[in-house]
Amino acid sequence: MQRLLIFHPQQGLKESLEPGFRPRQGEEFVWLDLVRPSPEELDLLTELFHFHPLAVEDCRRPHYRPGIAQYDEYAFLTLRCVKHGKGSQTVALNVFLGPRFIVTVHQESLDFVDDLWQQYHRDAELFKKGVDFILYSLLEPLTATFFTFFDRTEDKLEHLEEAVFHRPSRQILNQVFTLRRQAIKLRKILGAQRDILNLLSHPEFKLIKQENRVFFLDIYNEMLRLIDQVETLHDLASSTLEIYLSLTSNRLNEIMKVLTVITTIMMPLSLIAGIYGMNFRYMPELEWRYGYFAVLGFMFFLAMVMLYFFRRKGWF
Amino acid sequence: MQRLLIFHPQQGLKESLEPGFRPRQGEEFVWLDLVRPSPEELDLLTELFHFHPLAVEDCRRPHYRPGIAQYDEYAFLTLRCVKHGKGSQTVALNVFLGPRFIVTVHQESLDFVDDLWQQYHRDAELFKKGVDFILYSLLEPLTATFFTFFDRTEDKLEHLEEAVFHRPSRQILNQVFTLRRQAIKLRKILGAQRDILNLLSHPEFKLIKQENRVFFLDIYNEMLRLIDQVETLHDLASSTLEIYLSLTSNRLNEIMKVLTVITTIMMPLSLIAGIYGMNFRYMPELEWRYGYFAVLGFMFFLAMVMLYFFRRKGWF
Amino acid sequence: MQRLLIFHPQQGLKESLEPGFRPRQGEEFVWLDLVRPSPEELDLLTELFHFHPLAVEDCRRPHYRPGIAQYDEYAFLTLRCVKHGKGSQTVALNVFLGPRFIVTVHQESLDFVDDLWQQYHRDAELFKKGVDFILYSLLEPLTATFFTFFDRTEDKLEHLEEAVFHRPSRQILNQVFTLRRQAIKLRKILGAQRDILNLLSHPEFKLIKQENRVFFLDIYNEMLRLIDQVETLHDLASSTLEIYLSLTSNRLNEIMKVLTVITTIMMPLSLIAGIYGMNFRYMPELEWRYGYFAVLGFMFFLAMVMLYFFRRKGWF
Amino acid sequence: MQRLLIFHPQQGLKESLEPGFRPRQGEEFVWLDLVRPSPEELDLLTELFHFHPLAVEDCRRPHYRPGIAQYDEYAFLTLRCVKHGKGSQTVALNVFLGPRFIVTVHQESLDFVDDLWQQYHRDAELFKKGVDFILYSLLEPLTATFFTFFDRTEDKLEHLEEAVFHRPSRQILNQVFTLRRQAIKLRKILGAQRDILNLLSHPEFKLIKQENRVFFLDIYNEMLRLIDQVETLHDLASSTLEIYLSLTSNRLNEIMKVLTVITTIMMPLSLIAGIYGMNFRYMPELEWRYGYFAVLGFMFFLAMVMLYFFRRKGWF
Amino acid sequence: MQRLLIFHPQQGLKESLEPGFRPRQGEEFVWLDLVRPSPEELDLLTELFHFHPLAVEDCRRPHYRPGIAQYDEYAFLTLRCVKHGKGSQTVALNVFLGPRFIVTVHQESLDFVDDLWQQYHRDAELFKKGVDFILYSLLEPLTATFFTFFDRTEDKLEHLEEAVFHRPSRQILNQVFTLRRQAIKLRKILGAQRDILNLLSHPEFKLIKQENRVFFLDIYNEMLRLIDQVETLHDLASSTLEIYLSLTSNRLNEIMKVLTVITTIMMPLSLIAGIYGMNFRYMPELEWRYGYFAVLGFMFFLAMVMLYFFRRKGWF
């Protein structure tokens, strides 16, 4: 799917390509948006916009890691955002940013791109803020997708941490590990995107107008916030695993204490019972009138002594 | 709640806005303090002070991570301090620092802001030190809130560490994890605030007068001290967890030794008792006059041998 | 084995050394490829190309760590790639890059070198892109060997992680450790190769033509992607080990619970049986008509009480 | 306690303040040493030397973290050394270093300050080396206090490591944790002092004479050595804890093996004894002439088989 | 022991000090080598060569950490190498490098110094390459001592890792810890030596002739390779410890499974035997003709059920 906006300050908005139109020469502001571009549509990038084959190749198969490549008159960006419903899978958004043209290419439909398109379609005067402002208007909601994902993940982790305390199980453990792995992957993406924003908001980066720089600095700060949050998530996950381990080892102690207390009390009594179960011909105690009750009493006494001993040791 | 101080070196102190007053032009020193500002009060920032919408937006919903954004003639700071009674929750303090005006915005009342306000209200001559000195006079107590919080936390951790040694339990474990997580969060805030102070105390940062620079360097050093302290807290918490783990595993050994010693002594004796409890018709020993006492003696001897063996092995 | 391509823009392609031919002077583009070079072939490098003895020495015994040494008029690179079938063992590729000559030396045959050789042999006009483009055309497939290896390893690790969850064993454990060690070794190689690409794509590095710089930047980005991937592999391996440890300690708890429940129920019952197995002359209960069934009933009751107690404790 | 040395190249040494004497103007070299200064003595710093209130405030309550603050004509240093007998508690030494004056302030008496004082008191010509040489002559022994402390701690740790191997206990564990925590604290102090020395030995740092620079470089190198040593201590402590954990888990295995071997051998034999202890009317084996010895023999055989099985499994 | 080589391009080689000879002035190349220098021999350094007392002091007691101190006309290096037979103990080599003189001081005889001395003694023309080439010719074999040590250690570690898998024991554990500690210590030395080589191979370092720079770069690269290798050793040791821990915890599970299976099967059977060993007057089953065999059958059946249960649980 391909949609095009050509805005001329005087002649207003056009939405289709006139023959002989050369996007990188005229006065017009151009925004071309390609969604799941067909090979022919991608050729448009080489023939009409004369973009470098390496960049166009990346549009076909976007790389995992965000990055920016500066060609003579334009910059080619690979950005990533979190798409609702796709868990932590990120979706690529490629952008060709020129002085007066911006080309956005993505394999999946993105709400915030559609919304912005409607806005510019309704009010083409917005083009006057410059195509770099379009990039900012895309970056703003792009970072928001991470914020929402992290808030949701943080809640999930807090529930998991609760669960770990009460009924630790393998499923819970597995979820914590998966969350931590997602945090690591997203940390790498955000690190790369922070570096891109650092470059975009640099005074020497000519493609961003001087008065728009403060907006890109704001996005740069948001990336720093996102990195803080994803690192906190990673720590939260790691410490949940640490809690799990400490708890399991603590519980093991509890179990062993029970086993040892029972065994230490029962075994001697069983031995006594066993001794008086022996069939020796001459076993004096067996003849005593109250032998049986004496032995029972002694067993009881022995049990109490051992219980007191374990009580003092704090074993129960 | 909104309070305003306008000090003119000659005309003295005024506390209300005269119509036509333009804060960023005249001779006057202006300090505007907004506490839980209403939407109208926030509009004051855009209409009267012409502050950038991004910055005013941040006043409405302060970001978690401290930061500084430099606009043409003023700087917008997001700072955080610890508020007594709110545990490790930090409270945001936004500051617009201009050449002769300073606007402080915060969603919660802060003692040290009120105290400073009274001081300037009583002795408006203080304004002559410059509005940057007001910022310093706010930063000094702001860092103090962290120092007090860390000292309290350090004592808490030392008690927890004691507790871990004597009666480790899940609650104690949980508290240590929470303290460590707080330390991580505060470490990120302090790291960001250190970077802000680094910028404020830089010779090229024009909004700070040359003679006031040494004060901001002192705050920068205090941030370094705070970071040292919070890192030490994190290490203290981590090592407490390590102690907990090593102790639990050590205790498990103790329990197992008791279980094994008892079992290893009792089981052979029970077997002997069991053997002589068998109902074989011809069991010679059963007929011996002193068979019973011989077996008891042998059992005693066997127990002593095993006890000696475990003693030498250092098991009890 | 030695193969040579000498391309003169006008006189076309020659494949053998004419006497008196001096490779570093003339107009011609020269590509010399040495596979498992004999000592005589290596002397060619010193006598014909006057390369520094240190560099030629490295060709004889390539170092493990990739690196670049800049001599006055040429650069000597040590690069490494993964060879299919050799697991994580990397193979060295030494390159002498001059203004119009490139010499490739490797101890093992490499498919991508052969393929490129055929391409240049068929269409010698390619030389006009410059010998630096030959280097790029080698680096592209060289990085691809890492990508394929990592994808394969990632799948292996995911299977191992599954296995760890279901039937952890020492072999599985051993494989995870080996994978992690490979990840560390490859991380060091990729780090060194990233630094080489950083140097090659630097504007001041004269041996790369200005218009070819963007290609080397692309390889630099691919190295960053590879480093991300190998670090993710390392994390995946480390977390698999963590899962293994947490699981084993969790399973231990399960086993111990079973042991303790059984022991705690059986031992008291055995004691009771033992008590009524004693041969005291006067044991009233033994005479009761339903003594036996009473005791059996009591044992059953006792077992139920204990089972309920363990159920409530969540032990099974 | 306050002691003063004023050395005039021509007029020689004076030890008391003449009225009207202005330390920061004249030709004289001045060394003022304040030990546990009274408030009046501290006022001397503000009135006579006109030092910045912030610095004087720090003398009253020295900060934990070493640091350097450069005022227009002098530098204010906070340094720390280890005092014999105070364990790892460090003692602060504040120094005001001017072109021809040096003021040392410390709350505790320090041997190396007294020694140097006697030396300069005996041979005032030393002043000609410059007051910066006094600072060097204090730094040299100051670093020595750390060296001695670390050597002692290293020996302590080596003994602890031995103890861990032979009879691990909670006290030993506790000492290792304390040593590690001390290492962390001292690491932070040394890191800060290394940065101070880095600044002092910098060619642009005017207060150090060009010919004395090499001495301060030597102290800088000593700080690097100290950091190496404290990091090694930290590693030694950490690895001792790791040994402790691995050993405890290894010992647990040993204990469990004994328990399992005993139980696995005894239980079946007890069952056999138990079976032949049953009171069934018709139990053929009971009537056999050698039933008893057959059962004993079978028991012995069964025990041998099991022992062989455990031997092969390497369990004892 | 003291040996001296003075080579004059025209007058050839002399081996003894003529009176009035001033090493740092004349045309001659001077190489003085001091082995376990006596106090008088060390004075030679101050009186004849006028070296700084700090440097000469270091020759008396070499510091642990390699370093370089630049004096006006010469540089003083502290280097370390591994001496065969001394395990991981490193031996110091101090070098005074001047424009035309080089003084080597070491407390232990070093083969590679003796070899180089013989070479220069036989062929004094080598001096024409410059005294810096002598330094290179010492650094080359010095790095080789580390390579050989690491290769040997890597093999040792690989054997230890094998041993850990088959028969883990405390001795093995101890050796792994010692190897890791050695790796840490050597890592610090190599880090410091890498920094020295970085300085030596810097274009601005005048004492190295321009044409010899490439040789020092090669040594710099060798230091990087050594650091890679020592870090890999450290990882290998750490992962061996991790394997040890995972294995021990895995083995513990195995032992516990055996204990639990035996106990869970035996105890119920013993209970049954115990029940029928009771002396109740009326126990109907005891009278049944086949009661005994029924009970034995039931016991067998019960054992089979439990074995099947454990089989399904994967416990053996």
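Here the chain labels run A, B, C, D and E in written order, and each chain numbers its own residues starting at 1.
In this section, a residue touches a chain if its C-beta (ideal position, glycine included) is under 8 Å from a C-beta of that chain, and two chains touch if they have at least 3 such contacts.
Please read these numbers as outputs of a predicted model, since none were measured by experiment.
Peer 1: Name, by label, each chain that touches both members of the pair subunit A and subunit E.
Peer 2: Neighbours common to subunit A and subunit E are C.
Peer 1: Once the contact rule is applied, which chains count as partners of both subunit A and subunit C?
Peer 2: Where subunit A and subunit C might share a partner, there is none at all.
Peer 1: As a quick test, compute the distance in whole Å between the mean CA positions of subunit C and subunit E.
Peer 2: A distance of 24 Å separates the two centres.
Peer 1: Hey, how far is the Cα centre of subunit B from the one of subunit C, in Å?
Peer 2: 40
Peer 1: For subunit D, which residues are shared contacts with two or more other chains?
Peer 2: 245, 249, 252, 256, 259, 263, 267, 270, 274, 277-279, 283
Peer 1: Can you list the ring's chains in order, from subunit A toward subunit C?
Peer 2: A, C, E, D, B
Peer 1: If we count contacts the way the header does, which residues on subunit E are in touch with subunit C in the complex?
Peer 2: On the subunit E side, the touching residues are 165, 214-215, 217-218, 221, 224-225, 228-229, 231-232, 235-236, 239, 242-243, 245-247, 249-250, 252-253, 256-257, 259-260, 263-264, 267-268, 270-271, 274-275, 277-283, 314-315.
Peer 1: Would you mind writing out the residues of subunit E in touch with subunit D in their complex?
Peer 2: 52, 54, 63-65, 67, 69, 71, 167-168, 170, 173-174, 177, 180-181, 184-185, 188, 192, 241, 244-245, 248-249, 251-252, 255-256, 258-259, 262-263, 266-267, 269-270, 273-274, 276-279, 283, 285-287, 289-292, 295-296, 299
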